[in-house]
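My questions will all concern the structure given below.
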Amino acid sequence: MKLSVNLGKLKLGNPVIAASGTFGYGEEYSEFIDIGRLGAVTVKGLSLRPKDGNPPPRIVETPAGMLNAVGLQNIGIDSFIKNKLPFLRRFRTRVIVNFFGDSISEYAEAAVRLSSAKGIHALEMNISCPNKQAGWSIFGTDPRVTFRVVSAVRRATGMPLIVKLSPNVTDIALMAKAAEDAGADAVSLINTLTAMAIDINTQRPKLANVTGGLSGPAIRPVAVRMVWECHKKVNIPVIGMGGIMSAEDAIEFMLAGATAVAVGTANFVNPRAALDILEGIKSFMSARGIRSPGELTGAVKLDVA
Amino acid sequence: MKLSVNLGKLKLGNPVIAASGTFGYGEEYSEFIDIGRLGAVTVKGLSLRPKDGNPPPRIVETPAGMLNAVGLQNIGIDSFIKNKLPFLRRFRTRVIVNFFGDSISEYAEAAVRLSSAKGIHALEMNISCPNKQAGWSIFGTDPRVTFRVVSAVRRATGMPLIVKLSPNVTDIALMAKAAEDAGADAVSLINTLTAMAIDINTQRPKLANVTGGLSGPAIRPVAVRMVWECHKKVNIPVIGMGGIMSAEDAIEFMLAGATAVAVGTANFVNPRAALDILEGIKSFMSARGIRSPGELTGAVKLDVA
Amino acid sequence: MSRLFEASVKDNRRLAENHYLLTFHPLKKIRRPEPGNFFMLSTGNGLDPLLKRPFSIHRRTGSDIRILYRVAGRGTDILSRKRPGDVLQIIGPLGNSFPVGRSRKNIILVAGGVGIAPVFALAEGLIASLKKPVLFYGAKTGSGLLCIEELNSIGIETHICTDSGDTGRKGPVTAILREFIQGNPSVSEDCCIYACGPEPMLRSLSALAAEYGLRGYAALEQNMACGIGACLGCIVNTTGGYKRVCREGPVFPMNEILW
Amino acid sequence: MSRLFEASVKDNRRLAENHYLLTFHPLKKIRRPEPGNFFMLSTGNGLDPLLKRPFSIHRRTGSDIRILYRVAGRGTDILSRKRPGDVLQIIGPLGNSFPVGRSRKNIILVAGGVGIAPVFALAEGLIASLKKPVLFYGAKTGSGLLCIEELNSIGIETHICTDSGDTGRKGPVTAILREFIQGNPSVSEDCCIYACGPEPMLRSLSALAAEYGLRGYAALEQNMACGIGACLGCIVNTTGGYKRVCREGPVFPMNEILW
């Protein structure tokens, strides 16, 4: 049984990835699991300069899900390379760096800076975080703008480039296509759904930032549908995520078209989740005589039974 | 304490509505509650001709939600008027008829037909059902098309007209604006989120229709956000729905900007849900000295605490 | 008498691997359930699992109700961990029941696996009204044959078979029934079959019944949200078009079902 | 010793309206929790409630752990219905602890409501190491004063007050403490305050400590998702920037917190 999968130029030992923003910089979970056994670890989104993020409260639970408005708090690219990357380099796992900028040139500059660091295997552009103010969100909701920002990053780096898509759009396959056309090696989806919760006693939003991003099992059926739509539309690999809690959920995404899967909110509920999911996928594959994860990718049967 | 609310020309005795497709034609629930006490009952979406709908399985549970792909099965407008409306006329409740068509002219014709029936108090246009095939979904996802179909129906009827919006769009406030500009008296939102689930054992979609609509508490935070966005953008009343299970949830929608609320999936879980929610709203109002539901509408406080 | 009520768990015991018998005590007076009727039961305590789950009436003892269930997924797994004193939200009794109004000479009952749950209820009722039904009961293996003692105690003639052959005869229940019909040509006179079990079993049973011109009724299953006819989720295709399993069913004449 | 473990509920008893004491038995050996540490506990059995809930260590008896909790919402409501034998998924012990390393002459403990949970753990530890802390304990009404007997049994000097005045002195705990400090000028020498309670109490306590130049530490609360520093959800604003309550806290020097 082979477990490895290819995401364009990026080869993973297995299809299970830790999702950005839910796995810290890897260290936090190394006490609970051997993070070297994961296909990849995606680190919390980085920007050129450190960011404080939003004031608290930043998270609130919702039915079978949670909202977060962390606001892209991060230590900045330089500090990451100096203080966090050396730890990650000790493991076999692939390191994917999630990053963002406030302008096209910042995106490109960040990509350049990250490309020269040792121990980073791929870049994931976050064009979809719903927590930023104002016009920013058009990077991830207007396919023409997406094309432009991805093209700029593509020119800036030779590293494997993953574009992370926002689900807050009418037609996600169109966004995936724009990323593909601009030279992305893979797309990852979904990021969180923009959402809101209000405390009826205080009459105030439950998040200081008013709105936040919905993640967790609640959104899984939407994410599976979007992965399926993108898989049909583009020829680059799709990384599927959104509410994966178990190996079954992960396999559901693979059947819908995902080449690899990322585990997010589940890490909070069970710090061993990502590894448990990998083990579950292995058992499923060996019970069915599936020799490679690729046999599952897009294998949903749509013909009438 | 006053409970009545105005949705444009439509006056409801209280702000609690039963949502379309989740309350049958009213009869099914009359054994469990006095449906006359509800602000309004919205009936299952009707079309000019009866429709069989999709083959089974049509529903599947998902985390804190469910998918449905009923496929707009209905008995047709004529049979509704003849066989179902007389029962509903016996109650004080307002009767809202949800309807749809396959073309602009069908929409208009349906509106004309319904306008002449006695005992219907408002029409709700469903331009957002995700279960129809192909190009149909543009009625609810392209604001220009929305404007045209709503305008046509507006010309066809003098009845209070509610436009039910799809959440599967990048900017729902834009859709609400299109409906307002075309003469709608109110907008209702959200309809279900397009979603999918796959059985990993059979490798087949869990719904015969492949995709379906996600409803229930899972989607509530998305719905609250969208109600808030629409309330800020339009001057017509907003009917809020999506995962309302309790009076607290209903009040959350009102604070976000809803003038009235609709209870959908909750009816399945608890056939008394709509009335329990009404009672809960009343208790909340009297405990806080709130004299009219309107005091809650859009009253979320966004200033820093 | 509202069909929405709370009940407290009196007993919840494991009968065999993955199979449990739950006895609940309604906390208010409820309608008397008939064989074939079902109840929608809450399982969890949060918003997930969300929907209630349908279960057939298996037995009544005084005002207590029993259901016999197989752990099939999340909801039934949680149900299997309920303990005496736990409270359930329930809707029911719902749906139609097995039509046994007219007396018939030859009553054949057919059950597959946990499909014995409603068939037992029917058998018990028939025997109480002095009928003499014959039961054909199949399962994958002997451990899937439930409430054999109860069946013995009501004294019903039972033909048992398993796919594995480890208990009773080896083979599908329809094969055993076919032999029985062939060996007893008189059964086809004024005969009626009542059945519950997995879909493939019911399908081949329908074919068998059609072949011998026997009338029959099957209790069907379909995913349900409301259980009361409102959501249009639970349909089955019949000669009369789509019908709701929860309202026009769960019991349908076998010759009307379009498998 | 992994900090992810299962535990079985040994006891879960109501102490007062909305307040419960849960004793759980870890099913494997766990790290020894220190006062101030907390555990993340699962509550439901489906995917809702989804996240674990944080609770401070209240007491240790052998290998058993006790937490004292108030029913504040859905998760704690479900928790209050757990029964002996139920199994919980737990992460912990987590976070830092009250820094009592250096011996100080005057140790003042301050607790508001269920904030007594970790403060009691600290008091018990201090008394075991022969320190003589003084406790100021406030609640809305007398029924909100928990584990008074336990406090008596460990023999700590306790000053009690309630907002309603129905038990102990009437007024906020900070007012009582202020009087105490004024009446005992010597306390401010080499004194340290350790506190847990509602935010307004901690805020005015910080102001009081600043006014008298007293050092102090407060155990804070913030919504948490992971409990282990990964989600950046639980931050508090401090003189050193945003810090994670679950990792750099929950115990912070009072003078560093920007309320």
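Brief remarks follow.
In this document, chain identifiers A, B, C and D correspond to the written order of the chains, with residue numbering beginning at 1 in each.
Note that in this section a residue touches a chain if its C-beta (ideal position, glycine included) is under 8 Å from a C-beta of that chain, and two chains touch if they have at least 3 such contacts.
It should be emphasised that the depicted structure is a prediction, and the values quoted were computed from it without experimental measurement.
Identification of common neighbours of chain A and chain D yields B, C. Of all chains, the one whose CA centroid is most distant from that of chain A is C. Chain A and chain C, compared by their mean Cα positions, are separated by 46 Å. Separating the CA-averaged centres of chain B and chain C is a span of 36 Å.
Mean C-alpha position of chain C lies 53 Å from that of chain D.
With each centre defined as the average position of its C-alpha atoms, the distance from chain A to chain B rounds to 33 Å. The set of chain C residues that touch two or more partner chains comprises 46-49. In chain B, 63-65, 216-217 are the positions where the chain touches two or more neighbouring chains simultaneously.
Contacts between chains leave no pair untouched here, as each chain touches all the others.
Taken in their complex, chain A has these residues touching chain D: 21-24, 28-29, 31-32, 44, 52-53, 55-61, 63-66, 68, 70, 73, 216-217, 245, 265, 267-272. Residues of chain B that touch chain D in their complex: 63-64, 217. On chain C, the positions that touch chain B within their shared complex are 2-4, 42, 46-52, 89, 91, 222-237, 241-242.
Within the complex, the chain D residues that touch chain B are 46-48.
Residue ranges of chain D in contact with chain C, taken from their complex: 44-49, 74, 78, 81, 83.
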